[in-house]
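Next come two complexes, and both contain subunit A; in the first it sits with subunit B, in the second with subunit C.
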Partner chain A sequence: MDRFLRLIGFLVIIFIAAPLVIVVPISFSNARSLQFPPPGYWLGYYQAYFSDTDWLRPTFNSILIATATTVLTMVLVVPATFALVRHRFYGKSVADLMMLMPLAVPHIVMAVGYYSFLGNLRLVHTHMGVVLAHACLSVPIAFLVLSANLKGFDRNLERAAQSLGASPVQTFIHVTLPILRPGLFISALFAFIQSFDETVVAIFISGRDAETLPRKMFDSIRQEADPVIAVISTLLFAAVLLALLTPLAWSSIRKRLRKRPPAAAFSGG
Partner chain B sequence: MQSYLQLNGVTKTFGDFTALQKVDLAIDKGEFVTFLGPSGSGKTTTLMIIAGFEKATCGDVLVEGRSLSGLAPHERNIGIVFQNYALFPHKTALENVYFPLQMRGVKHPVGLKNAADMLELVGLKGFGHRYPKELSGGQQQRVALARALVFEPSLLLLDEPLGALDKNLREQMQIEIKRIQRALGVTTIFVTHDQTEAMSMSDRIVVFEKGSIQQVATPLEVYHKPRTRFVAGFIGESNIIEATVVDPAARKATAEHIGEIEYAPSEFSLHKGTPVTLIIRPEHIRLSRDPKKGRHNARMKVETIVNYGDNALVIGRVGEQSMRVRVLGADVVIIKEGEDCHVSWTPDSVYMIAK
Partner chain C sequence: MGATIAKLAERPNLWPWLLLTPLAIYLAIFFLVPLVNVAIMSVTEPRLTLANYERVLVGALYQRVFLNTFLTAGLVTLACLLVAYPLAYLMNHSSQRTAMMILLLVTMSFWTSFLVRTYAWMVLLGNNGPIIAFIKAIGIEIPPQLLFTRFSSTLAMVHILAPYMIMNIYSVMRKIDPVLIRSAESLGARGFALFRHVYLPLTAPGIANGCVLVFVICLGFYVTPVLLGSPREQMIAGLIGTQIEEFLAFGMGSAMAMVLLAVTLAILAIYHRRFGLDKLWG
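Coming up: the complex of A and B.
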């Protein structure tokens, strides 16, 4: 029974992971379009990606837009989360709901709304327009992550800091911020990924000038199924893997470094 | 004479609910005072008002004659140990203890040396580089204590600091805290709902109930001369006897089921016919087969015997009056449940409490 369950679990993992893994060999393929299994291997499409401005420009656009979106999101979300988690005020539940609204509304609806709204402001087809729209979508995600962190934060730590002579600002810098740092980091990471990954709104409002990478990929797959798409997917996959594994590796390295010879034996008590 | 710490008419209300009702208290320098009471009795609220985390609705807190009311918590120079220790998880034990010095602008070599000295005083020499999660509960407690003391606070507040420890460790820490407090001579307020902790550690105990102070006295006084019925019931066990004074000069009263009973001298002004409440502690009553000479005797029917090994609690009735008697383990063999026996006491173990 135990073995059977393990087998099922293994199969489910394969089913989920296969599409992720399949793009890797395709990216090294020498076929003229997306094809699996690849007929032969070469690095030509990597070269093509890194030398073609039609691909590099959307890449830089995406990085620029996602970075700006992350900054704007965090500027809005950090104070909002502190207010909504720590304070009671009139209209709090409405404010809570409004923060999460963009999660509930289908992206296509938001996209149509932004198209006409930003059109009136003459922000369609501009970086600024995409950043504003993406920030709206990133805010609820960053808020959810950060508020979960803040709810679990022991306020006695802040009280302790104050009783020990730290002013409210010092308390925030020396205690609140360092302890919340992982939460803030993950919150910002999610905001970044959300923007980097977003396609529907980008298709509606990014236009030629602010064209993002997902939009370019979407256009490409419709027109020519260029294997460069697999190259980009592989690179993104590698980047995510790196981002996830680096903190793990770092903490285990640090642990090993800090382990000292057992001079001070652990005496109970 | 002016007291070191003074609470004048401190009152705290939350909407309609009165959490604290005109609390007056004076504490001397170097004293170890325990706030004792059940949860919701106002003891923690009082502590939070002294620390500055709660604002009193009215009344004032003074240290050496100066009011604290205009000062934010970080300006009060008061050390606090929280129930869950509240150690900074991202700092090592040494960095935790250094933190209050850092906030006071003490530079690294001197500050770290002071912090290390304080860790040594609490018995954690060589543990400075560990993070809180790498320390046991008792060790975390010591770090929290060192951190609250290293900046020479004018007052040390301990908010149920032993609640999370197991019994043996708790007893060990009681002795430790007392030792460190004596060594530094810091004025200390210790909040607990555990009466044995209060009895064993304090110079004086302040008993709280329903937002007001019931009694302020030394542990022995609180035990032997509880001022109110609540104190008598909360600290130790008591046999409570309702009686009426018959002869104030001879200190004699009469109770329904026991008959005439002589009581210890009391400060209350009494007349013939005054209704009074008398208490006798279970360990002041003796159990025997026959009446004892020179003691007040009564016949008791034994209902239940609860054995604790070194001692036993015998529960029975004198008439309709319920009685609890604490006897040494060896003595309990003379009696069985359902039997009759004699209980006896001396008049000086019969205390009167306020009605």
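Coming up: the complex of A and C.
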């Protein structure tokens, strides 16, 4: 039983890794169509990506839209999370549930809704329209991350600050905010990624003027499977890898620093 | 000082409302109104009847698409479970370093965009891809068509959704106290009996979580079935897209969207009553 499960586990690793690994060599391929293994290697498709406005414009649109979505989401979610985690009030459980609803509704349903709703407001095919829609979809994710952080917050730290004479505003700025900073950062990062990756709603509402990168990729895959997609996939993949490895490397560096003799503690004290 | 704190404690009821109002107004306008709009369109487009629902629920084409969607979602969920359980087991029985490496791989897959992974499967299963090349190499002259079939879309969806299942199952499995396993073994439980009476009940919450999540996401999956699946065997989300984009049939599209929404919410409501919805994504 044990051996059998281990063998299957090993096969599953290959199954999970293979699609992640394959796009990298394809991006350096010199074949005109999808071919693996590639007949030869060059950087032509990278050059094609970085010099083609048809690809660069959607990339900038996506960065712009995801940034605006993140700002809007955080402005709305941060106060609401404080209310929901720190206060008890009538209707709280309904409010809690409402925060998660955008995550429960299939994106295709929202896409149909936004297509006609934003059309009525003349916001379809605009950056503004995509941002307004994406912020709704990012709210639950930002909320889940931030509320988990806020629940683990030791409120005695705030009480200590206030008992030492800090005003509520001072306490918030000098105690609450610095402690919550990692949580706020991760929450904002998740909101950004949610918007940057969101495909279905963007396909229906972003049009040609506010075309996002996923929409352009979707259209391109559907029509011709342009190898430039492999370039973008490799770049996105590298970004994910970097984002995952940075905290790991950082914590291992800190661990190593901590192992040094405590002389630093004396000089620092 | 004491007076201020007392005063703060006296008016705790206004603050939460003040903090919540901006988000509540925002969600009401930009989330609820579009959703209600879909409900309205489903009974008013092209005119005020329930005919759209009648066609969606009775029409042979739509019934087949719904059935196909449920079967696919069920199959994908089952396959994810079969893929995730051995891997979680392997992680739980490896050194910390190996487990960490596997977790990194799964997380990487999770964070890689749906589109990128769908595209990767297109390369893997394509006519000039490595799998077809392998089939040819072992002597089969006319390889089967893999891409744009039910097989390719199902396989890609399993790959895309498996991380949800793996993370859910691994998170409960790692919390199992090894003492329980050892005592079961000392009492004579081996192999399948150990799995059936010890592992399975202890990991059941993770399995339930993973299955609900994968099934629900799969029901409304648009991108992968549209790009990789057979055009003749659409899933419901793809058909909704076709109705809106190609036929501008907002009534039919909305009615199908409402049915999809109703099914999804029904499943989540059952889950919510039993476990609480916040646990599903937590």
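In this text, the second predicted complex is superposed on the first by the 236 of 269 C-alpha atoms of A that agree within 3 Å, B and C clash if a C-alpha of one lies under 4 Å from a C-alpha of the other, contacts with A are read in each partner's own complex, and residues count from 1 in each chain.
One rule holds for everything that comes next: contacts are C-beta pairs under 8 Å (C-beta built on N, C-alpha and C of every residue); 3 or more make two chains touch, one makes a residue touch a chain.
In this text, all values refer to a predicted model and were calculated from it rather than measured experimentally.
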First (subunit B), second (subunit C), both or neither touched by A:Leu144
second
If you tally the residues of subunit A touched by each partner, is the higher count for subunit B or for subunit C?
C
Applying the touch criterion given at the start, work out whether A:Leu5 contacts subunit B, subunit C, both or neither, answering first, second, both or neither.
second
Could you look at A:Pro247 and tell me whether it touches subunit B, subunit C, both or neither (first, second, both, neither)?
neither
Have a look at where A:Gly119 lands relative to subunit B and subunit C in the superposition and call it first, second, both or neither.
neither
Looking at the overlay, does A:Asn156 come into contact with subunit B only (first), subunit C only (second), both, or neither?
first
Quick one: classify A:Val175 as touching subunit B (first), subunit C (second), both or neither.
first
Is A:Ala166 contacted by the first partner subunit B, the second partner subunit C, both or neither?
first
Would you mind listing the overlap between the subunit B footprint and the subunit C footprint on subunit A?
162-163, 168
Sites on subunit A touched by subunit C in the complex:
1-2, 5-6, 8-10, 12-13, 15-20, 22-23, 26, 31, 33-37, 75-77, 79-80, 82-84, 86-87, 89, 92, 95-118, 132-133, 135-136, 139-140, 144, 148, 162-163, 168, 193, 197, 199-200, 203-204, 214, 217-218, 221-222, 225, 229-230, 232-233, 236-237, 240-241, 243-244, 248
Interface residues, subunit B side, partner subunit A - complex:
51, 53, 72-74, 76-80, 82, 84, 86-90, 99-100, 103-104, 123, 126-127, 129, 136, 138-139, 147-148, 151, 169, 172
In the complex, the residues of subunit C that touch subunit A are 1, 5, 8, 12-13, 15-20, 22-24, 26-27, 30-31, 33-35, 37-38, 41, 83-87, 89-91, 93, 102, 104-109, 111-124, 126, 128-130, 133, 159, 162-163, 190-192, 194-195, 216, 219-220, 222-223, 226-227, 237, 240-241, 244-245, 250, 253-254, 257-258, 260-261, 264-265, 268, 272, 277-278, 281-282
Note which residues of subunit A are touching subunit B in the complex, please.
154, 156-157, 159-168, 170-171, 174-175, 178-179, 258, 260, 263-264, 268-269
